[in-house]
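Okay, got some structures for you below.
Here come two complexes built around chain A, the first alongside chain B, the second alongside chain C.
And then the complex of A and B:
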């Protein structure tokens, strides 16, 4: 039982990070109809910026948080304005290729701006180990699980009750009709990129606090992508839950079936789910009148 | 007719030899000698590539400050391959054909060096490889390619032998990466397991790029392993040790030299105390290591100095050998002479590893190994044998 609990808690912790990044994928898809293959790299860049801030301000948690959020917003806005907006109206394939190119550029920028060494993000918390009986968990892991849960509630409320959230849903549903109703699609797109960048950035910062920061961190995006497919590409909340499911599945497979199965299990899971529900567990079935 | 054929053959051989000699002298002007290098300068393996190139730069700066090679300054041409084999081949061709390098150093990772071997052999350019020594690079020996270092298999065998002798009758655990590096680690480990009949209770492997090792380390704990060979490269070993700390277990742990870099210790924190490592270059905490850092400081930029790690030492040693060989060829160095001089390398002291030797048909320096142990108080590796 103790073994199972340890696997579940660790799975939830890494799954919460996948979930946050997956939500970032989903926010952009829901608002722009685009899959951003640079999501993992955006996660990594924000974490590196947070690390730079932390080394400058001596690990002050408040300043690091504020600085990282502002940096993530700017990163999202700049990418949307400079890279994505010129692609409006272009074929989806070309736009997706642009995000892949962007991913490579962001990945390479780590060594140009920072270095190839792993680094620890020290903000005075997150590294301590809390023992519940004999089960050990880091405070950063508890924090990221809590953050994901809070984020799920906040995003649900945002899309359900806020005017801008409803506008985003309207643009996602039919951008031309939304435009006719006076909603600015470019503004919505910019907000989506900024929000996605912040959510993914939060995941990156938590990952760096609980684990470490390294140029290999972009691979978190590759792990989060199945989570968003599993939850539903157009389901922001579903993506978050998808992350938790992938994290737990991976850990249980690794713990009970052997370490080699760890990375495979999540992908096996989505293959099975997608064969039954191609639009994901929480995604909306796309019905077209023929 | 016979005399005619003999004369024609001699003329042909002369022409071939002549053109070869002309080609061999590329990359040399009255004032400069070009030395080329292709390394991963971007992506995670840049930790190795950048550090190795800094080692090359230190040796080159040292030589240039002393007047260069017989009056010619060394020009260092460095290409980034991003650890992508196709780009390594492209980069090597570029430094040979476009930059007209006289000789080469470094050459990326193990897979990349193996892939580029036909290009190097065909070109015949003197090359000293120092980043990733794997057997294929010197077995069979290639005329113009020399390798400084020690094989991964030997390194692992040395480490596991040491830990086995120090911990008789204990249970063993091992985790490796699912690639050629992991296979090499596992092969070395299995050699000792077979020879010493070690009791292996956990054997796992992880996918390249894995960052969360919670279930793997939980399995290791469950197996009751007392001695653990952490077959990660850099970040993976940190993650494993921190996971073990969380699980409140501390087996005797050994790591391999790619991850034997000081920043790793800082990240491991107390979890990394007492870990054993094997290497053929001196730790920076040793007198030789300190002397090397002192020497390096004025020769590189502040940023480059921060990027120094064990690969800087391997790079430095290789560059020293190559420069010395070219120098011994005098005013008109050729490829043939440089290769012959490299072959004559006998017990050359570089200050960063045991003396280096090659020989006729010997293209691998087969460096002496030593075991070291971490000390978190000083964030350093200290020799223990």
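And then the complex of A and C:
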């Protein structure tokens, strides 16, 4: 029982990280209609920038988080402006391939700018263990689960109530009509990329706090894929919840079936989900009319 | 007055090559490749061999992604399956190499049915993600099935002996790869001009219209998967033999990206494009290294320390630049040049 609880808690913690990255995926999908294969790499870059800031300012939590958020926004905006905007109006295959190219470039730039060794991100919290009953939990793990929940509420409110959120939904639904209604689609795209980059960056920083920073971190993006497919590519909240589900499944599979299963549990799960509900649990079925 | 190169009969439309001199030049190229192993040093020869093996794989992916329009991010999965099928049959169970090659084609083809079947309901991005998932699942299966695959330790592979001819030397092995590349090229060109190939292209261009015209989408999509996986598996076997060692590390995920880069750079959906793209992508890191080393020894040193990273950076950059500025790839550029050459100074 205690083993199960321990697996569940750590599953929730890693799942919250997947969930945040998956929300990043679906924010971009929802407003631009494309899957950003560079999401994991953007997560990794922000985490590395946060690490650089923390080593220069001595791990001041406030400075590190502000710096990381600004860096993530800039990263998202630059990518959108330099790489993605010229591809507006091109077929989806071409734009998605561009994000794959971008992913490859970002991934290899890590080894150039930083190095290939793992590092710990020390901001003075996150590594110490709190006991809830008999189960030990790291404070970083509690923080990331809380952040995911707060983010879910914030994003729900944003899309539901704010004017810009409604504009984003409009662009996603039909960008030409949205343009005719006076919404600037490029601005919406830029905002989506910046927002997605920030959400993914937060996930990266939390991952670096609770675990370690290494050039293999881009694999988080691959792990978050199942999460966003499970929740629905166009469902931002669903993706967050999908992340939690994948995290738990993965940890239970790893704990009871062996470490090999841990690696593929998420992927096996999406193949099954895609067969039953190709649009995800919370996604919207798009109807094609001929 | 004739204003262009028009095709007037169906026969011309499906002809293997559109003008006789192409046969001559192709023959010259093949002869050059046959002589090449005796003329080149072993470093240059290794590039020829790699290009020939990669052409086989690129043509395989081209059938799925180029002709049928189904994006696959997991082709390295078929590659590694083919390599392991060959290694297990030949090295572990001492089967004849010919049976090994057959197995290297058939095993990925069967595996492709497993990944293809759930993919029938999916299009575009979702399919890309399922194939991606497949390549990770296959890696785990290989690592876990130690009794069959030796797990992470891998399997050593010998150069084969076919029909009493030993392909042990580098030159002979290049000839073997050349043979496979030529057969694959002919197969790919002939598939494209057959009924099946036209069905593939119809599915790519508009699957609803294709279905209305009586094309069985499920059957043809699965057929595209099976054919593509068969060819890719054989490329995997050749690559395994070339490395003389088959392991999961020998087939990194980057190969899937490299394969897509080849198709984009060459021009999607064209066999000639797959060949041109392969030549460019395989030689690109080497060519860049040479250009950089002209500038300074320091840059040369940077290349030798960060070779792997620079290589993947180049792939990424080339993908982005081609999609942005020449989406039809080298084949498109070639068509433009040819047209300008014929029509100059008129525009069309």
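Everything below uses one rule, namely that the second predicted complex is superposed on the first by the 290 of 290 C-alpha atoms of A that agree within 3 Å, B and C clash if a C-alpha of one lies under 4 Å from a C-alpha of the other, contacts with A are read in each partner's own complex, and residues count from 1 in each chain.
Rule of thumb we're sticking to: a residue touches a chain if its C-beta (ideal position, glycine included) is under 8 Å from a C-beta of that chain, and two chains touch if they have at least 3 such contacts.
Just so we're clear, the structure is a prediction, and the values are computed from it rather than from any experiment.
Undergrad: A:83 contacts which: chain B (first), chain C (second), both, neither?
TA: Touch status of A:83: second partner only.
Undergrad: Classify the contacts of A:121 with the two partner chains as first (chain B alone), second (chain C alone), both, or neither.
TA: neither
Undergrad: Where does A:226 make contact in the superposed view: on chain B (first), on chain C (second), on both, or on neither?
TA: Only chain C; A:226 stays clear of chain B.
Undergrad: Determine, under the contact definition given at the top, whether A:68 touches first (chain B), second (chain C), both, or neither.
TA: Touch partners of A:68: none, neither chain B nor chain C.
Undergrad: Applying the touch criterion given at the start, work out whether A:142 contacts chain B, chain C, both or neither, answering first, second, both or neither.
TA: neither
Undergrad: Regarding the shared-chain residue A:11, is it in contact with chain B (first), chain C (second), both, or neither?
TA: first
Undergrad: Quick check for you: in the superposed arrangement, does A:107 touch first (chain B), second (chain C), both or neither?
TA: So A:107 meets both chain B and chain C here.
Undergrad: Touch test for A:263: chain B only (first), chain C only (second), both, or neither?
TA: Both: A:263 reaches chain B and chain C.
Undergrad: Using the superposition on chain A as set up above, list the residues of chain A that contact both chain B and chain C.
TA: 107-108, 111-112, 222, 258, 260, 263
Undergrad: Can you list the chain A residues touching chain C in their complex?
TA: Its residues touching chain C are 34-35, 83, 86-87, 90, 92-94, 96-98, 100-105, 107-109, 111-112, 222, 225-226, 229, 233, 258, 260-261, 263-264, 267-268, 270-271, 274-275, 278, 288, 290.
Undergrad: Chain A touches which residues of chain C in the complex?
TA: The contact residues of chain C facing chain A are 71, 73, 118, 121-122, 124-126, 128-130, 132-134, 136-137, 140, 143-144, 208, 254, 257, 260-261, 264, 306, 308-310, 312-313, 315-320, 323-324, 327.
Undergrad: Write out the stretch or stretches of chain B touching chain A in their complex.
TA: So the residues of chain B in touch with chain A come to 41-47, 50, 82, 175, 178, 204-207, 209-212, 214-216, 218-219, 222, 234-235, 238-239, 242, 245-248, 261, 263-264, 266-267, 269, 306-307.
Undergrad: Chain B touches which residues of chain A in the complex?
TA: 3, 6-7, 10-11, 13-14, 107-108, 111-112, 115-120, 127, 129, 131, 134, 136-138, 207, 211-212, 214-217, 219-220, 222, 250-255, 258-260, 262-263
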